[in-house]
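Below: a set of structures, written as structure tokens.
After this come two complexes, each holding chain A, first together with chain B and then together with chain C.
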Partner chain A sequence: MQVSFTSNGPETALHHLDVRTKMLISAVASIVVILLKSVPALALLSLASCCYLMLTRRWRVMVISWLVILLLWITAVGFMNLMHLIMPKMGATGMANMLIPFLRSLVLVNTLLAMALSTRIQGILTTLRSLHLPYWLYIPAAVMVRFLPSLVEDMRQIAEAVRIKGYPLNPAALLFSPWQTIRLLFVPMLFRALRTSDDLGIAAELKGVGYGSTISRFREQRFSRFDYGILAVSCTFFVLSLVINAYSKVTTFMGM
Partner chain B sequence: MTESKQNAPYWNVRELVVIGIFAAVIKVSSILVALVGGGMNPLTLVMKNLLFTTLLVVLLYKLRKFGTLTLFLGVSALVSAMLLGGSLVLIPASILAGLIAEVLIKLLGGYRSPAAIMIGVAIYDALSKLMSLGVSWFMLREQPKMVIMGAVIVAVGYCGSLIGLFTGRYFVKELRHAGIIHQ
Partner chain C sequence: MLKFTDVTYTYPFADRQAVDQISLQADAGQAILCTGSSGCGKSTLIRLANGLVPHFFQGSLTGKVVVAGTDNTDRPIHAIGHDLGTLFQDPEQQFFALNVTDELAFAHEWRNTPPNLIRQRIMAAADRFGLQDLLESSIHELSEGQKQKVALASIMSLAPHILILDEPSANLDPEATRELALLLGELKRSGITLLIVDHRLYWLRDLIDQVLVMEDGRIAERLTFQQLDDDTLRARYGLRNTTVHDHRNQLSCVTSHAGAISISGLTFAYQGKAPLFTDFSVALPKGMVIGIIGDNGVGKTTFARLITGLLPMKSGTICIDGKPVTPKELMHRSSIVLQNTDHQLHMHTVRKELEAVTQRHVDRADAAAVDAIMQEFNIYHLAERHPQSLSGGEKQRLVIACAVIRQPDILILDEPTSGLDGANMAVIAATITRFARQGACVLIISHDLELLERVCTCRMELCSTGLKTENTKE
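Showing the complex of A and B:
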């Protein structure tokens, strides 16, 4: 099962990329976008991240996510102009300044989507193991990753059972009878989760999990040439955008 | 104290499994609330925060041990960053808020005191939200007025968190009645 819980897409080059590489790209991108404050630098990084996401070939998801970001930007511009009409002191201070936060979001969304759409649960578990985390961090993280798909399935079944009983599950039900909706949906899940944690805890204890000094590995994870290549290209783009940012004296772009 | 007890690790596997399962349940609940409520709106925002604090209170009642909150936050942040799109910049802020809340719980009487747990969770949530707003300011520093909008949304969400403290206690009563929480 894929991390994104969406239907399986085509097997692409990104699927063969090590999860650690994708994590590293996301981590560096989240720091670099905070440092950047010029439109050309952020535009370059946005373009590069769009190309990176295109490697997944999940066109529908890509277009929807970009449209959502565009819609958010248009809404924000609209509301800031509206605020400017009502309270002149609170208005927008230029299109470029409005564009920068959304270009930052676009880079982050692209890198995270690329990771989520091309990583399998097993890949995440293998990566967690290869990070040499202490057992008290590895065990709960592995349990969480392993149980997310099962819990999603449980929730689907609970929701179906609630609908069969004749209770509506929609925004109106949440608005007019929030307490009942929460009880119907979450109390069964909580009970199930607590029972599962008890069973799983006992099973893990009986197997001696957490008491061994070392974990033996079936297969060592190593970076391939493709990983090094993608890391080098990403690094080039990050450095280039930082250089452009350093030489951009103004944050405006094309007179905006 | 016997030698075996001295050598026993601070966390046993059962406790770690409970933390992992709760971290998964909280993530799935947030997604479900957004789906049932038709996307992110003030109602789902309140509900999402309400469920988060409710489940956090239940977790802290079940595992009354120093470090539970911080470990839960660490695990949750790690997995979110890896697969659910959590911002890596928010991880240190969340863990710092958790540590401050845990020290406060300890000072107010420890995990044996229900009031200390509730105050600790309320303080953690307030601190983490304030720190997140600080990070948002970095992201939106060219248009700082937009952070005001963010602050209003966060304040609405925090109302849900405060209600969640009491629903958490209610859930604990039901779980005690069912024999799932023994303490």
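Showing the complex of A and C:
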């Protein structure tokens, strides 16, 4: 079972990785990308993270996620150029400079998505608990993660309801009738979100989430050779990208 | 044992009590039915029993609710859960995990049950409820009936002494309802206390020891089940029938030829799945109310989505009055009401909700029609209320009113009376009949035998091989 997406994908090697391995990779990746300031180093790490995500074999979700990041990047580039046209003093921003935040986001999204697509929610809960995080931190975190699939499912049903009522649902509708489109999508979404959060709170209470002093793990996961292998490969890429970064001409973006 | 003593409860910011002076006692092996019209306080009674009131829902509470000898105010909800399990009307409301196996294992894991024992209990629950093939399914992929079974299996695997069921038959087909009645009978004989809240009564005749009829938050009547056979009494409290005839097999079948709406060569499969329809043909007459019948997962809702243009066909043609129609035209000429009403309400008043629909179809309806339809559906007094603030039954009537006011050629209703009391069901049944008589083709996907008995004039039976006719056997 996945954490964040509603339809079941194929069982892959990534599903057999310990959740701690996936959490560690995500955490280290998020630190390393802050340190990296050269495009080749970030490109290498991005490529590696894309390969890591491909282990999930969830091609559709992957492509949609990458397209969303690309769209955000193009929008950012567009606005930066627009600002340069309006205020030439700001100076032009080269494509290479703009690539850095894009590649950083790509690495983060890839590692998080790989975890979300291949991890049981109970695995995340028990791991967060084993890290001795306080109850008030990990229960809301887990409920928040659990909230995502319900949100995705609600969005699908709301979009369907809008189509049933005969309203168009496309970028043109958003452009020419923005208030109507926003109302059609966000009013039911708001109420559903409120109800879902209530429902999940009730479900968690009734199932005794957070109250047991010890939790058993039905799907026991242990560190296997595969975990050590993946961690070794990840470390290699992290170190390699840091080395490339050290020997590359560093490109800075907005001082970052 | 479950005991209420003079319980009165008011929700925060509410100006009247949700339940008032409730006293009841359910002993081991006893089955109590609580029924009454929508909004009479049945759901609050359940929340009081399982401890959600006062631990989750604040408010003003007086009196005492005792579960297995302990006052609910003296222990937290999860501790009450060791003695009492609750099956909610919307099974998704109680799922925390996202696939069936994980859901069945979830509460056990938090109780620190050894993994081997969890596995045994999952397999036992799967065997008992027929879930073997669904164990690795996502909960979002299940039909409503399957979700109900998973929720019940999850509760029963925890072996509670008291079981509370909120509208347990609302999403089950008649066969599954009969199975549920037998299963509950077994549980009752094994000493489990049952408190069942339901509008549908017929399936409970041999199970119930005492009936509580609620009205305005109070227990208005304490009866035996047989006393519910009194028509006057049922009419007074807006209750459903106690006897229902399954006349699905007596209905004539629609055929693959001769009908105002003809579907031919329909082929469809979900991505990566086996085809649900292969070269499927059927003709649907106008002026009739057609019950779409078939086992769970046979493609009833998919068929409805296909003929309203919500899903694209892989191949096939749909003709209305002999003329082929495009998917876009189908969206305009058909109307479908899906089960979850929350997703279908967008405006800030009931009146605006209906007016928005008429504005999209201005040539078909007008402002006077809005008033008329609100009168017909008994929601006129709610005209200025926010649609999302309505009760479940009121929302259901509103979304059906929105579908009807469009005056579509094809009207499809997916479980339109799920969770509705007798009076509201009668309102919807009357509208369906009236609308079909005006010349529309009305299709109903429902497990509600009482509704099918009242309104259906023919049936379209789907099976794994396609359309079932009188002469075909699967």
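Definition applied: the second predicted complex is superposed on the first by the 151 of 256 C-alpha atoms of A that agree within 3 Å, B and C clash if a C-alpha of one lies under 4 Å from a C-alpha of the other, contacts with A are read in each partner's own complex, and residues count from 1 in each chain.
Keep this in mind: a residue touches a chain if its C-beta (ideal position, glycine included) is under 8 Å from a C-beta of that chain, and two chains touch if they have at least 3 such contacts.
Quantities reported herein were computed from a predicted structural model and do not represent experimental measurements.
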By the touch definition at the top of the document, which applies to A:Phe191: first (chain B), second (chain C), both, or neither? both
A:Gly201 contacts which: chain B (first), chain C (second), both, neither? both
Just to be sure I read the superposition right, which of the two partners does A:Met23 touch: chain B = first, chain C = second, or both, or neither? first
In the overlay, answer first, second, both or neither for which of chain B and chain C A:Ile164 touches. second
By residue count, is chain A touched more by chain B or by chain C? B
Chain B versus chain C as contact partner of A:Lys37, first or second or both or neither: first
If you stack the two complexes on chain A, which partner ends up touching A:Arg120: first (chain B), second (chain C), both, or neither? second
Just to be sure I read the superposition right, which of the two partners does A:Asp227 touch: chain B = first, chain C = second, or both, or neither? neither
Residues of chain A at both interfaces, chain B in one complex, chain C in the other: 3, 187, 191, 195, 200-202, 204-205, 209-211
Show which residues of chain B lie in contact with chain A when the two form their complex. 9-25, 27-29, 31-33, 36-38, 41, 43-44, 47, 50-51, 55, 58, 62, 71-72, 74-76, 78-79, 81-85, 87-89, 138-143, 145-146, 148-149, 167, 171, 174-175, 178, 180
Quick check on the complex: what are the chain A residues that touch chain C? 1-3, 6-8, 120-122, 126, 146, 149, 153-154, 157-158, 160-167, 183-184, 187-188, 191-192, 195, 199-220
Provide the residue numbers of chain C that touch chain A in the complex, in ascending order. 50, 52, 55-56, 76-78, 81, 86, 90, 92-99, 101-102, 105-115, 118-119, 136-138, 140-141, 308, 310, 331-332, 335-336, 338, 340, 342-348, 356-357, 360-361, 388, 402, 406
Which positions of chain A touch chain B when the two form their complex? 3, 19, 23, 26-27, 30-31, 33-34, 37, 76, 79-80, 83, 90-93, 96-98, 100-101, 104-105, 108-109, 112-113, 115-116, 119, 124, 127-128, 135-137, 139-145, 147-148, 151-152, 155, 159, 169-171, 173-175, 178, 181-182, 185-187, 189-191, 193-198, 200-202, 204-205, 209-211, 251
